[in-house]
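By written order: A, B, C and D. Residues from 1 in each chain.
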Amino acid sequence: MTIRVVFLGRLADIAGTDAVELALPEGQIDWDGLLGMIGAQMAEVVHAETVKLALNGAVLPDKAALVASAGDEIALLPPVSGG
Amino acid sequence: MTIRVVFLGRLADIAGTDAVELALPEGQIDWDGLLGMIGAQMAEVVHAETVKLALNGAVLPDKAALVASAGDEIALLPPVSGG
Amino acid sequence: MPQMRDIRLLGEPFLPGALIGQFTQANPGLGGVCTFVGEVRGGIGVEALELSHYEPLTLPGMNALADRAFARFDLMGLLMVHRIGMMVPGEPIVCVSAAAAHRRDAIDAVDFCMDHLKSAAWFWKREKRRDGWHWIEPRTEDHADRARWGN
Amino acid sequence: MPQMRDIRLLGEPFLPGALIGQFTQANPGLGGVCTFVGEVRGGIGVEALELSHYEPLTLPGMNALADRAFARFDLMGLLMVHRIGMMVPGEPIVCVSAAAAHRRDAIDAVDFCMDHLKSAAWFWKREKRRDGWHWIEPRTEDHADRARWGN
């Protein structure tokens, strides 16, 4: 009963890791739930409009509408810096 | 006492040659004089605004203002067709 | 005529000339090929550059960009190769090559793909300078370049 | 930094890859290189193509075009090589390559040079088809392409 959260770009520096597995006791998690589990500093950074969220490889139009289940992969995507 | 007249592009087909040496008994020639020496068909073709004239490697802004002397090279330049 | 498409992420250094030679051979009858090769700039204090990506988005995103280029321009072939990982100054980062019957389609397709790769593709870049690593965000010009295409 | 300039008319076939490799090596520290290679198109009934030029105008004209490109864009180097003489389908006719710190200058310089080479350079082209030789005049699009640059 876990979800995987992937930190891209400078978010990996803040997290100190590329990805974490989070225990999901209730089997589901929403955006506020995720913010509560990733630490206050990371929560503040990913709250910014420029940070996007992908659920299982698809970018959500509105990350606040997130509903993730055990086994899902969430990626937190700061602004890209291109080629 | 000659001038050299070079025919570029399709003008060379009309002339049947890439270039001719024309005798210049008076030592100088103007645009009307040139038209009189290159044959009626060529004169009509080069009269068109799209045909440019270069005197010794410099394109004249107005070919009708031509004054060429013995030893000069005149080039008749139809529209270019590029690279 | 079948369209030739070659979209790749490469973890190791590549030689643009070898890619382009093969690509040109694979598009007989073409009128022109336009190619852009971007390299890690030297002489500006950058010691190394690292490009990271997110596998589930990056390659599908490049393929979607290729779809849009084929829909927008009259192309015979499109090559889009992007490095990931660690690079040093002088190393190629990106190579985009478009083959077409007419030059305008080839040049515009390369321009279009580069503008979108720069500001809309899923890559994160950091540079190592004397004082350590720095994350790079897109320049304002990059957004303006992309806006030229109406999105 | 010195600007690298290589402007040539070639009477014999050439390999664009060899030119571009040397050109890229000659511009260390660059950010990007854009290259356009135009070839004699195949599959459209053209058996051969002949490009004629007028020596006293053609090469000086290409150098003047290079001057304008250097004045207009922030370039590190510019290569402009044009074939003259007889060619068959698949053979390169023209290769323009621009090296710059930033991609927009490199791409725009190639676009600019090609538009001007197509409609303003002193070349005359004729194609051999089954029924004989035909002189080619510039297409309306070529004039429109050049007009984009304000001249």
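Operating definition for what follows: a residue touches a chain if its C-beta (ideal position, glycine included) is under 8 Å from a C-beta of that chain, and two chains touch if they have at least 3 such contacts.
Source: prediction; values computed, not measured.
J.: Counting one step per pair of touching chains, how far is chain C from chain B at the shortest?
T.: 2
J.: Please identify which chain has its centre, taken as the mean of its CA atoms, farthest from the centre of chain D.
T.: If we average the C-alpha coordinates per chain, A ends up farthest from chain D.
J.: Calculate how many whole Å lie between the centre of chain A and the centre of chain C, each centre taken as the average of the chain's C-alpha atoms.
T.: Computed from C-alpha means, the inter-chain centre distance equals 28 Å.
J.: So, what's the distance in Å between the C-alpha centres of chain D and chain A?
T.: Here the centre of chain D sits 50 Å away from the centre of chain A.
J.: How many angstrom lie between the CA centroids of chain C and chain D, rounded to a whole number?
T.: It comes to 23 Å between the two C-alpha centres.
J.: Give the residues of chain B touching no fewer than two other chains, as numbers and ranges.
T.: Residues: none.
J.: Where in chain C do residues touch two or more other chains at once?
T.: Chain C, residues with two or more chain partners: 38, 114, 118.
J.: By the touch definition up top, name every chain pair that qualifies.
T.: Those chain pairs which touch are A-C, B-D, C-D.
J.: With touch defined as at the start, can you tell me which chain D residues reach chain C in the complex?
T.: Within the complex, chain D touches chain C at residues 17, 20-21, 24, 28-39, 41-44, 89-90, 101, 103-104, 106-107, 110-111, 114, 118, 141, 145.
J.: Can you tell me which positions in chain B touch chain D when the two form their complex?
T.: Chain B residues touching chain D: 6, 8-10, 12-13, 54, 56-57, 59, 73, 75, 77-83.
J.: Can you check the complex and tell me which residues of chain C touch chain A?
T.: Chain C reaches chain A through residues 38, 52, 54, 56-57, 60, 82, 93-94, 114, 117-126, 135-138, 142.
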